[in-house]
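Across the two complexes that follow, chain A remains constant while its partner is chain B and subsequently chain C.
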Partner chain A sequence: MNLKFHNKKITGILTILPANEIKFEDEMLNYNFTAAKSLKLKMAMGYDTHRVVEGDTCVSDLCVHGMDYLFKNNLLAKDDIDALILVTQSPDHIMPPTSNIIQGRLGLKHDMICLDINQGCAGYVLGLVQAFMLLEQECIRKVVLLNADVLSRKVSKRDRNSNPLIGDAASVTVVEKDSCDSEIFGNIRMDGSRAEALMIPAGGFRLPSSAETAVMEEDPNGNFRSRDHLVMKGDEVFNFVQQEVPPMIEELLQFSSCDKEDVSWYLFHQPNKFMLNKLADKIGIQREKMPANVVEKFGNSSGVTIPVNIAYNLGDTLLREHVKVCMAGFGVGLTWASLLLDIGKLQFNQIINF
Partner chain B sequence: MREKVIQILSELRPEFDFNDSLNFMEEGMLDSFDIINLVTALDQEFGISIDGIDVLPDNFSTIDRIIGLVEKNRAV
Partner chain C sequence: MEELLEKLAEILEVDELDGVKKFVDFEEWDSLSSLSVIAMLDADYKMSMSNKELLAYPSINAFCEDVLSRKK
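Right after this comes the complex of A and B.
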């Protein structure tokens, strides 16, 4: 579905990364493969280091840390926040919503909306779309979009499909009404019939966690995980992305009457370097226009890879100038979504450690 | 090209004889991670970019199929 929004803008992005950094080589021996084979994979996929939380750190901890930083540095005022959206797949609890918990911990006003969205790799685009829709209301002037996940806590350390790439992170994106006549174009698609390609089988009401679901089992590729862990059917996800994302981008560009060369940056979700390079080649853009360095340095933090990408690769640039960017997220759901917008002259765009 | 493809496969999985197999995937000689490394090596060797939608196990099950894939992407 094609979407169009008027007079909305991003005014600041803060990314929060756990200080705990793990090297690929340090975990390589956990996998049921030769070191030589793992190192070849490291090169092709772009794995190097990844940031993961320690102990029982939760999504709300990362978000509150980031919000407090903004308050203390006068980059955001508590009373200006009319809506708080949290996109996560790793909530503090099944109930209540983690966005309410964050609101309470921060002491925000009661006259506001808190909203949790269960989305993953496309969660930044989905969250921005939700923020734009809320800003259509006259009484909502400023929306804070939080994207956060601590999925490393749900990944088996002996699963070479997922563990080398998993990352934890959070981001705070401030979205406001824009007095200039601006347009934002979007495209969202979903296919729940392929939902099992990326899932955590146990822990919900369909299959509650138990001693049985915690039993480690070996898959045909030599990975060990339990049903409490995240499972990713890598081949299916790769083929889904290669099949669905290029036509979505083509449609978005057509819908917005924008030439692909006029887009300065393609800021895509980053599962691995191999997948992104293949996407850039298929779409027909220079690989340099689609940064692929976030996953190798920080890991794949689901919906947070796009704001990490923006802060890491375009940090100072976006404080000074505007650029046209195409964002795209794809993964759990299955969901694939994209946005074309101008972004820049941000009040803040940086990374802090937790 | 055949010799070059066999050389790449042998460097990837030196424990196997790729001349003596009817189906690399069915016989467990290549897994999905090998395919990623194989695609990367073929792209570099032949100066191509194998289309992402062609990165399917069936397309890497025999030397003839791999050669067919390289030739298809050379023609693009």
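Right after this comes the complex of A and C.
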């Protein structure tokens, strides 16, 4: 699916990270492996520290904290927000929508639209696409895209496959109409037949949580998790990314008549350093153009790794300059989506702690 | 065949590779070695294989023969 958007721009990105930082070594004893084997994994995959929420911190807590920061610092005015999109797979409640909860907590106006979107790894890209589409309406001048997850709360501490790399985070992205004649290109693909590669089996309506689903079971690799926990099939995800993402990027570049070399940065979702390095090689770009350092410092916070990536690696640069970037998210669903756009002269692009 | 066996020996952390053995027979075999083999196949042999498929080979020799016959 090739998409084209006109006269839309991102004007600010704020990233919120939990202050709580855990080191890989401090959790090693929880795993059913020797320290030597675990350290080998740490080196190969690129793990080190990750940021996770404490207690029962929810997505709305992280988002409200970020929004309050913007209001206090006069970077955003409440009444200017015509649409509030929240992309999350860890809502506060099954109902009401968490975007409405946030609307209520912030005292936003009634004359607006709030939307929850259940998407993960490709969620930031899909959220931006939704924001661009909403801005087609004359009455919608400013969209706030929230992307947040607290999935560490759904990962087993004895699962060495997932625990070291999971992270929590939230981001606030302001999207507006652009008076300049700008074009943004997008490419989206999805395949639900491979949905079971990344899932939380219990807790929905198909298999409600119960005493049985909470039982910890050992998998063939020696990891322990219950059916209430996240499970990822590493080899399937690796093969999926290597097979599907390069053709998507190629199609995006062709559709936009852009050369691989003309893209300054490939700001991709961060599953882990190992996979991103292999992906950069496969696409045929220098590894330096595809930052892969988010997981080792902060963890994989699903869709939010893209704004974390942008804030951490490009920071102040984006306040001063304009750069051509390719964003891509890929994973749960299975979904894979990308955007080619110019981004820059942002009002803000920073990280704050919760 | 030599080249592929060498790459496998490195991943499995052995000096001499006994091709009659299966992947799981090696002491160092775990999900990380599996992913390393999968990544190597993708990068150097342009083919993709799942962990399940890897484990189905009766021996490393059988695996190598199959990979080389399918190599593009």
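Following the convention adopted for this analysis, the second predicted complex is superposed on the first by the 354 of 354 C-alpha atoms of A that agree within 3 Å, B and C clash if a C-alpha of one lies under 4 Å from a C-alpha of the other, contacts with A are read in each partner's own complex, and residues count from 1 in each chain.
FYI, a residue touches a chain if its C-beta (ideal position, glycine included) is under 8 Å from a C-beta of that chain, and two chains touch if they have at least 3 such contacts.
Keep in mind that this is a model prediction, so the values were computed, not measured.
Kindly classify A:K37 by the partners it touches after superposition: chain B alone (first), chain C alone (second), both, or neither?
After superposing on A, A:K37 lies in contact with both chain B and chain C.
Could you tell me if A:F238 is touching chain B, chain C, both of them or neither one (first, second, both, neither)?
In the superposed model, A:F238 contacts both chain B and chain C.
Does chain B (first) or chain C (second) touch A:N221, or do both, or does neither?
After superposing on A, A:N221 lies in contact with both chain B and chain C.
Counting only touches as set out at the top, which of chain B and chain C does A:L279 meet: first, second, both, neither?
first
Could you say whether A:I22 touches chain B, chain C, both of them, or neither, answering first, second, both or neither?
The answer is neither, since A:I22 touches no partner chain.
Please report the chain A residues shared by its interface with chain B and its interface with chain C.
33, 37, 40-41, 44-45, 221, 234-235, 238-239, 242-243, 274, 278, 281-282
In the complex of these two chains, what residues of chain C are touching chain A?
30-32, 34-36, 38-39, 42-43, 48-51
Report the residues of chain A in contact with chain B in the complex, numbered from low to high.
Chain A residues touching chain B: 33, 37, 40-41, 43-45, 160, 221, 234-235, 238-239, 241-243, 274-275, 277-279, 281-282.
Which of the residues in chain B end up touching chain A in this complex?
12, 31-34, 36-37, 39-40, 49-53, 55-57
Going by the contact rule at the top, pick out the chain A residues touching chain C in the complex.
33, 37, 40-41, 44-45, 161, 221-222, 234-236, 238-239, 242-243, 274, 278, 281-282
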